[in-house]
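Chain lettering (A, B, C and D) follows the sequence in which the chains are written, and residue indices restart at 1 in each chain.
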Amino acid sequence: MSQLMQAEITDCRETAPGIWVTEFMAPSLAQGAVPGQFLHIRCGEGSDPLLRRPISIHSVDRQSGRVKIMFQAVGKGTAWLASRRYGFIDIIGPLGRGFTMFTGEQTGLDCYNPRLVVVGGGIGAAPLYFLLQELARMGCVQQVMVLLGARTANQLLILDAARVLGFNVRVATDDGTTGYRGPVTDLLAEELQRKPDFVFACGPSPMLKPLCDMLRDAGVPGEVSVEERMACGVGACLSCVCRVKDTGGIETYRHVCVDGPVFAAGEVVW
Amino acid sequence: MSQLMQAEITDCRETAPGIWVTEFMAPSLAQGAVPGQFLHIRCGEGSDPLLRRPISIHSVDRQSGRVKIMFQAVGKGTAWLASRRYGFIDIIGPLGRGFTMFTGEQTGLDCYNPRLVVVGGGIGAAPLYFLLQELARMGCVQQVMVLLGARTANQLLILDAARVLGFNVRVATDDGTTGYRGPVTDLLAEELQRKPDFVFACGPSPMLKPLCDMLRDAGVPGEVSVEERMACGVGACLSCVCRVKDTGGIETYRHVCVDGPVFAAGEVVW
Amino acid sequence: MNTEVNLGGIVMKNPVTTASGTFGFGLEYQPYVALQRLGAITVKGTTLKPRLGNPPPRIAETPSGMLNAIGLQNPGVERVAEEIMPRLAGLGVPVIINIAGDTVEDYAQVARRLDGVPGVAGLEVNISCPNVKKGGIQFGSDPHTAAEVTRAVKAATGLPVIVKLSPNVTDLVAMAEAVARAGADALSMINTLLGMAIDVDRRRPVLGNITGGLSGPAVRPVAVRAVWQVHRALPFTPILGMGGIMTARDALEFILAGATAVAVGTGNFVNPLATVDVVGGIEQYMSNHGFTNISELVGLAQRYTGDN
Amino acid sequence: MNTEVNLGGIVMKNPVTTASGTFGFGLEYQPYVALQRLGAITVKGTTLKPRLGNPPPRIAETPSGMLNAIGLQNPGVERVAEEIMPRLAGLGVPVIINIAGDTVEDYAQVARRLDGVPGVAGLEVNISCPNVKKGGIQFGSDPHTAAEVTRAVKAATGLPVIVKLSPNVTDLVAMAEAVARAGADALSMINTLLGMAIDVDRRRPVLGNITGGLSGPAVRPVAVRAVWQVHRALPFTPILGMGGIMTARDALEFILAGATAVAVGTGNFVNPLATVDVVGGIEQYMSNHGFTNISELVGLAQRYTGDN
């Protein structure tokens, strides 16, 4: 159940150039959240910046009740957040629908011992670490291939952490400073040859759009986490729409904050 | 000459409940400023709060180039300022006309070895400490009577500091927790019996208004530092007007930021 | 202490409601807010037929404000009456339904359909939504058509009718007078200011709809002025004031200017507890300053006439 | 890289000037700003006779904005022409004088007096100051009188005439068309939005004048929309855009929406270097994005027509 809370910051550090990880105490989140869900965080004290910022849950430690977010300082809200080293942050969460594998809802993933691919691009890797944590907890490490892409080597996120969990990881960078030189979707194309059972992805639209096309063409089901500007975060303001095709093929809007941020790959109209 | 500068904070502490002293490096101010002048300080990063806040110079150390301001955290601008413990503050200054004794301008104070009274009410004492520093430097300590008023004992400012400089100080509090119980103007009434040569005062309007009347009635010249809301601080926006009577007795507006904040006591129309 | 107000026939136990479109149908905020603490709940703009709304992006943040171009996405009056109202009726809080349409007849039909639906305490007629191309803006900027819509809605319902005014006009008082004469039981103001933002990197408007409505603290001075002017001209017409209210002090600006009740809009997004904080803060203010009835505060700043 | 613009006959080496009333006569900011870096300096509103202005308080801070009710305090056109212009003429920067009046004849007389005064590059006609009771607001909200003022000023001077529009109107485009037809060489927008604030503790308006004009970042979305709409309707009439510009990115929003030049107002109070920062930032943007002439940017966002 989502709550409004003041969570005490226990750590905040820059983990890669411009990428920050903030840790805070939030036992209810650590217990109740599902990978893919997000938090709506107040990033300022006055009225500028005004709106909360949606940030995914990066990892949880159920034991200690600590939760982490990983974010890129891109504008004034995230810059403010990065400047908070102690004290409290004002959070609403957990919000949204996470990856359905963990929500108990019906999913495209209904086979036994499924072979999975997890694809992260840039800061889109942030929520995927929580996903990997859960997959590891379920003992799925062997059946998962993790593909990570970034602009350049020092922007590759969650790589070491994923390997520590025991996952098989392949990487791609735009400038070839490490791994494959080119888009991470090229690596996915190779993986799709092996007909995986399900693909999880999070990243920028220019990565997710072709990715969804590839999944459709390959006939592989999957889920993607998408972004849209949000005001309320709770389904009240109707701002965060994403165009989707419903099962009957009819196009309509769904709301990223309550119907998403995770959508079936085939559902999203790019 | 006034400058726009980024001054490094060297200290910030709460000196009385809700009253802060911030010290920063600003050699040009330490050298060039005159008691009664003020600084126009940016109190925030985004656009809320938007405008700079005028704060008087509290003390200067010409040797080290350090300057102090003393301020009450009353609203969001001053609250922000109080939260800055290190880093830089964005200042314009020194601004305005200080006490004329130090500006080389003509003044009502044209006698030899003048007997002076300095009257401060509440946070109005802040700029008066700089005045006392200068008077002490000029060797005037013996001829000066300092009167300080406050709501209650722990809000009495610059008392110890003034005594350390060797000044004679009398105090008044509204609640009688220390010194005379009642307005500091009652103490001034007593002093005026002794016909001092000049009175310097800074404090809230409800103190300055009767004070100016008392000086007029006693025929004693003096100067008061007044406050008005400011946007530019440099005479460009025409917002900070104070109604004054010019020498011909004609009422007009003067601008607190450039014509003040120090005005001849007889000039101000309350 | 008495904080009860009567907003043109809608009795509210305190003067605080939600601004239409910012609080969904109330239920979205139930996990966070004790809805029973509210004087009323004003829900999303409702039209005759369901609407999908505008293409994204639908919002943009601006300094101390936001632009929105939702485009009146809503499930249509039928579902509101049949599915949503039954869930809201049980809360024991008056529900004000904001209605909109493309034609005068649309408004009347929506009003008629809602007449007698349990739980509906009043209608707020949105003649001022800047995000709907047909109707909407025209109704809100011409006194004659505004009066016509008002008359049609009044004729179609026995419920109290609040007419919501747009600030995007030269003469707000003329608009207020026209709809008051046409029978409006109360006025609400302000709807959003027409604005836009441009994405400098992509060199195109940020919003899918190009222009949108500006709300939030940024617009508060405009809203307070609107309430002040209209209350001065029409002292006996109750006003529901809104625009940038985040705290009780903000709300009190509106009340002192002449608003009988206030609505919190964008503030809910920032602080989901904004409404109840406002309720508590107003009570605190009244007890601190020795006021026993909220009505003593309404328009009190208008009495000030000194020169300084 | 060419950043020169022609604002209805006023040639500016870059598109950046100051908003009238926020930069005094320029000299006040000389200790902080290299004035020669500016495309032009627009000075305080000048009237036929000196004016004392309104009683204090004259300003109030609001979220991301400020209210002002200066009331056109100024030394009168005679002193501006005789004493101030000689000091400004030597700077080598075009000076635009903002003029105001209570009657059409007032405007004409001020314009006539300034004709031929060395250093004066153009006039900005303030038909929209909300803080002067006689005239002012009326001229700015009625297309006919606005056109009349424009014609009178044009007839009285050979200088380029910019007419400054108020956003406090229902139909800004109609105002723009009226003054353009009446001969305005350029339009400037926006003047301040009418607003007010109430001191909740003292239960009275904050400003001595009760209402005032809202400016600063808070109003930027309204200003950008104004420029967008007017440029769309009158693509060949140069626009001086202003309202909440603090940075080059803010200025570029106006230029991309259709402004030929921009003015920094309230931003000067926050950052005295705002104008020169904007000049530098626009140059930086042009070189980053491969633009060689500023004219390529004017109205560029209007070309966008896609659905997303």
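As a convention for this text, contacts are C-beta pairs under 8 Å (C-beta built on N, C-alpha and C of every residue); 3 or more make two chains touch, one makes a residue touch a chain.
Keep in mind the model is a prediction, meaning the values are calculated, not measured.
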Query: Among the chains, which has its CA centre at the largest distance from subunit D's?
result: A
Statement: Rounded to the nearest Å, the gap separating the Cα centres of subunit B and subunit C is 47
Query: From the C-alpha centre of subunit A to that of subunit C, how far is it in Å?
result: 36
- prompt: subunit C to subunit D: how many Å between their CA centres?
  reply: 33
Interface hub residues of subunit B, defined as touching at least two other chains: 46-49
- line: Multi-chain touching residues of subunit D, meaning two or more other chains, are 55-56, 63-65, 216-218
Task: Considering only which chains touch which, label the overall pattern as line, ring, star, complete or other.
output: complete
Field: Contacting residues of subunit B [partner subunit C, same complex]
entry: 46-48
Query: Can you name the residues of subunit C that touch subunit D in the complex?
result: 55-56, 62-65, 67, 141, 168-171, 193-198, 200, 203-205, 208, 210-212, 214, 216-222, 224-225, 228, 244, 249, 252-253, 256-257, 285, 300-301, 304, 306-308
- line: Within the complex, subunit B is touched by subunit C residues 63-64, 217
Message: Using the touch definition from the top, list the residues of subunit C that touch subunit A in their complex.
response: 21-24, 28-29, 31-32, 44, 52-53, 55-61, 63-66, 68, 70, 73, 216-218, 246, 266, 268-273
Field: Residues of subunit A that touch subunit C when the two form their complex
entry: 1-4, 42, 46-52, 92, 228-243, 252-253
